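Letters are used for the chains, namely A, B, C, D, E and F, taken in the order the chains are written, and counting of residues starts over at 1 for each.
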Amino acid sequence: MQRLDARRFDEGRPVEIITGFQKYPHGSALISTGNTKVICAAHVESRLPSWLSDGNHGWVTAEYAFLPGAGTERSRRGKTGGRAHEIQRLIGRSLRAVTDLEALGQNMITVDCDVLQADGGTRTASITGAFVALVLAMDRMRQMGLLDRLPLVDTLSAISAGVVENDILLDLCYDEDSRAEVDANFVFSGQGNVVEVQAASEGVPFSRDTFNKLYDVSLSGCDALKAAQKHALGSLWDEIVK
Amino acid sequence: MQRLDARRFDEGRPVEIITGFQKYPHGSALISTGNTKVICAAHVESRLPSWLSDGNHGWVTAEYAFLPGAGTERSRRGKTGGRAHEIQRLIGRSLRAVTDLEALGQNMITVDCDVLQADGGTRTASITGAFVALVLAMDRMRQMGLLDRLPLVDTLSAISAGVVENDILLDLCYDEDSRAEVDANFVFSGQGNVVEVQAASEGVPFSRDTFNKLYDVSLSGCDALKAAQKHALGSLWDEIVK
Amino acid sequence: MQRLDARRFDEGRPVEIITGFQKYPHGSALISTGNTKVICAAHVESRLPSWLSDGNHGWVTAEYAFLPGAGTERSRRGKTGGRAHEIQRLIGRSLRAVTDLEALGQNMITVDCDVLQADGGTRTASITGAFVALVLAMDRMRQMGLLDRLPLVDTLSAISAGVVENDILLDLCYDEDSRAEVDANFVFSGQGNVVEVQAASEGVPFSRDTFNKLYDVSLSGCDALKAAQKHALGSLWDEIVK
Amino acid sequence: MQRLDARRFDEGRPVEIITGFQKYPHGSALISTGNTKVICAAHVESRLPSWLSDGNHGWVTAEYAFLPGAGTERSRRGKTGGRAHEIQRLIGRSLRAVTDLEALGQNMITVDCDVLQADGGTRTASITGAFVALVLAMDRMRQMGLLDRLPLVDTLSAISAGVVENDILLDLCYDEDSRAEVDANFVFSGQGNVVEVQAASEGVPFSRDTFNKLYDVSLSGCDALKAAQKHALGSLWDEIVK
Amino acid sequence: MQRLDARRFDEGRPVEIITGFQKYPHGSALISTGNTKVICAAHVESRLPSWLSDGNHGWVTAEYAFLPGAGTERSRRGKTGGRAHEIQRLIGRSLRAVTDLEALGQNMITVDCDVLQADGGTRTASITGAFVALVLAMDRMRQMGLLDRLPLVDTLSAISAGVVENDILLDLCYDEDSRAEVDANFVFSGQGNVVEVQAASEGVPFSRDTFNKLYDVSLSGCDALKAAQKHALGSLWDEIVK
Amino acid sequence: MQRLDARRFDEGRPVEIITGFQKYPHGSALISTGNTKVICAAHVESRLPSWLSDGNHGWVTAEYAFLPGAGTERSRRGKTGGRAHEIQRLIGRSLRAVTDLEALGQNMITVDCDVLQADGGTRTASITGAFVALVLAMDRMRQMGLLDRLPLVDTLSAISAGVVENDILLDLCYDEDSRAEVDANFVFSGQGNVVEVQAASEGVPFSRDTFNKLYDVSLSGCDALKAAQKHALGSLWDEIVK
């Protein structure tokens, strides 16, 4: 098969991250991967929800939603169905996995991922963009005197891969995703360790060999994402990966 | 008093309208008035809700919401309180007032106004931007063969005015709005007729003379908005006002 | 045209206000304007909602709903749609505009307006009746030792006007309202200042001249409402307007 | 003990039923039993809900709610808790027990019982008043040509009784009800048969003898209710009981 | 008529109560009466809801729901309609009627009744089983040092009876219940006093004589339930009835 | 470390599956894995939801919830939070992956998984038990003449694994799960292919080597589950795996 946009099978879409897209949140980023665009906004609250306030650590959480104009069909607002719940829990867990929650102190950071334009891979783009907004919010906290250093143990990026007509493809666009036999999402730390892996057969169960190929192509595919994050974050990136 | 951004009392903020901000809706516009930014997306459905399907006319409706990152404090998602209800009903009524609903046929257009950044005047910016998205969606319908002409009787723009420390100010920013003694919103047709007027005292009731001054400054203030709409719509604008 | 009930164009419907219609609320009034009837009940709570308790002022709020038997078609209970939200916010803002919130102390008054019978003009009848219930509740507070004086800066009444078949009509009944080309609601203080103005075109935008005529007829139309309020409140009325 | 209003233990409160209290419903009644007042409105719909449309019979249902001003404390609107659910199911079942549902045809009648003023016994007053509104609505249906005769097999009235400080009392007011050791509600047909009986111990379980005394006093107590219903319905009453 | 399972008219179904069916709640019982099975779980919380915390007494409450697999048609989850509300209020009231709430101290016990299999009489089986779970939870509280003795004034059991084709039947199964002309539920204390009685005509109103026969058969029918409860509770039963 | 129940690290808990636990659903199974117990009920509907009725295939879906008595703390009913949504989507996807949806025809099967007792691994136990209930429901459909054969492409079982104090453990109980550094769930087809894999770091990201060890131990661990399923299903199992 031939990909619509003439990409190689193991090639991701062009990625761009604009910081400060929104003026008021503590951290803000707009991430584009091809036609998929997600607005990421991080807000800090110096008050934890009661069920968390044990005095020992902070918290990072996320929300995920579609803007009504994200697709050709209007997305109904406020319909946080099972899919959105599943995705926002994934984003939150991933962000927490690279955060030093104790060092965050009695603070909660909420990262909102609002899909401005949807062409496949919105959950992985959200994670990659949310990490940038999170770092910016932590930097702002440092400027406000709430933190001494960035409470992060590693960087974070995420990408999808799948099997379409028996080919292993990286970073599926919507059209490819809707025809995929296997759909996988990989969240990796900067050092290449696993933060989260989710792989599901859409048609028939698949072999371990297929799984390993999806793993390999995704791990390589994160390089371009890390480059874009580094470009967006500048010296903050170097601080984390040193 | 002196305005924070050194504007004259009767001067609106800089306005910019970007069309096609979202790729997939039938009509899309991003409007900025100063720091206030609203994403407007218009979707067409060729099916009316059952309570409207009397066979004689179409419908135009609107929804209005804040993105979580619109302000310094995070806006909670899906909390469509009374204020948002009131505003989205105003937007919908205003759009319908310049639409020839019979000529629209058995179609419904929904215009979503999502506030990306909030610095006062979000409801009037929404109306001004929503009109542009509406025209673009109607033009798309024409291209799809659903319409012969743009079913519009006039253009539409809206602006706020108020009284702050006894001064009549045009186009209040958030800081001014929160100190206003009188708060008014004017929606005018292109020919300068009234589509909707809403004026409310925030402190003590105000005189008819004050009301008339708010009216005058708002009517003049719409000129810059109309220029920006004309710039965004090009020949479509000329078609409507001919 | 000829009005169904043979009224002059600038003539309001007969108005009657019965106080103490309900025995238990702190203030109670039943207002009738023609066939429109609204039950107004004011309750005082000496506890403010947390978001208001800054120690400096009290609060007045309102709710508005239809009784199931208010019309020929049964109104479904508990369906507080956008229209009801819009109206109850208008009632609350109007009541607050004539209340001295600081003098009210750390108290909240809720005025419920339940439409017993609906024949047009329910929102303006609600405001006119709610003001009476509010005054009675404040008087009760004074009797209970919670207030020294009535914390009011002026009286309040409201009326609708509209354009039907090019005629300017005062106080539209339901049948007129459903055919109106322009629909306006005016809330005036006792001294004739503007508390709130809302005017909307239902068909085509309208001229400033039309707006001014609606204003004039509404201002005059409040005289009969004020007389009925004065009759209902007796010496309490004189205390406010002195 | 002595009853607050000096009634005999087996004496009900004064009862009054005003028909046509609301102008627009198909049947309307305001019932007062002492200080308890309930607005009853019956609407007819010639369309059954899908789960009922088996073609063989109609349906009668009821809703029950408090107006916000019914008591000294404001009742929150739209909080149809378990108690209201229980009561409205009781009202509906009772009305259906005296209705010939087959003769009603493919029609549904909804009777809304809105408590205007609450001083105990609101559920039984609702049943007694709802029956009057139901009959009036059926008579209207006959006038509209939807029915040939009143589809009723008997009349219906209801009253409460209880044990307070070991005394058997008829028709408890709120103060008595809140101190009752046993609380019972009896719904009887005009011929004195049981439509529904509900008796509950509020403190310790009670004897069969006590139950029988509650039964006796309630059956007698319905005479005054039936007289008021007959007075309100005039010849319609005679038609049913003939 | 002949009963499907060849029971005598005054014969209840076989009853079995298994304690400790769930390992973790403070009290647990599975009750079966014929094919009807209910899982009863009692949890203790040493914190009262704010509206109860007057310092003088504890509280017992109940919830009632169907498992999706309880019947041939799937029961939709989380649809606590009016029927379930009515039933769970009945269960709660009945349990409280035999509880010494003052002796319970500042504790709340919630008994959940989840219908595992439904073949009529689920509300009465719930009460009979919930009593066992309640006693077990109280015994656990005593073991935990929260109570000195079981705070119960009597035992509790419940059974249904009805009229089917003019016959008085005890303990109706679903098929009988759906054809019943009269439907009654009796809750008795161990000493044979009335805790709650509910009887309703499903067709035409019924006579006092019928009511008395339903009463008699139900009172006798509780003997088998009490035997099963005694068998399940062992010495705890003797402690209560001594 | 030593496991509380003295299991080897790569040893699952004892598993038992009881079919026909509920009498009325089309398929019913109770699965126990150690102290974890889940009630699985499958209901067939011969009507698809409108968004699925394209005429080409059927559907299998699942719901997952806790019974209030599943744990030491009472689980609040009807609180289907994000976690439950995520799990029930996983169960549904897994069941569909081994179902021949076209062969299922225009039928929908809903499998409800209600956790009776929770001690870790409820989602994987649900999948393993739900598969049994699904097969039984399909067999019932065949008996009813709705199907010619079991529309299944393979069998299905699921198990968890994790890292606790650097040890790779199979089938975590609650206590182990709450201390796990890595938490993984594997859903395998009978032939050992991947249906779904989900692995998440709870603390720091983990290596590919760790992931592979989790995979290996889980794949082996499914043998005991398959044996229990085969025991429960008898000849139906042989039909699928032939």
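Everything below uses one rule, namely that a residue touches a chain if its C-beta (ideal position, glycine included) is under 8 Å from a C-beta of that chain, and two chains touch if they have at least 3 such contacts.
Model, not experiment: these values are computed from the prediction.
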> In this assembly, which chains make contact with subunit D and also with subunit E?
Replying inline: none
> Copy of D-E's interface among A-B, E-F or B-C, judged by over half the contact pairs being the same?
Replying inline: B-C
>> Roughly how far is subunit A from subunit F, centre to centre by C-alpha average, rounded to an integer in Å?
In response: 28
> What whole-number Å value describes the gap between the mean CA coordinates of subunit A and subunit D?
Replying inline: 61
>> Based only on mean CA positions, could you tell me how far subunit B sits from subunit F in angstrom?
In response: 52
> Mind pulling the subunit C residues that touch 2 or more other chains?
Replying inline: none
> From subunit A, moving on to its ring neighbour subunit F, which chains come in turn until the ring closes?
Replying inline: A, F, E, D, C, B
> For subunit A, which residues are in contact with subunit B within the complex?
Replying inline: 22-25, 28, 35, 39, 41, 43, 45, 63, 65, 67-74, 77-78, 80, 110, 112, 114, 116-118
> In their complex, what parts of subunit D are in touch with subunit E?
Replying inline: 81-83, 85-86, 88-89, 93, 97-98, 153-154, 188-189, 191, 193-208, 210-211, 215
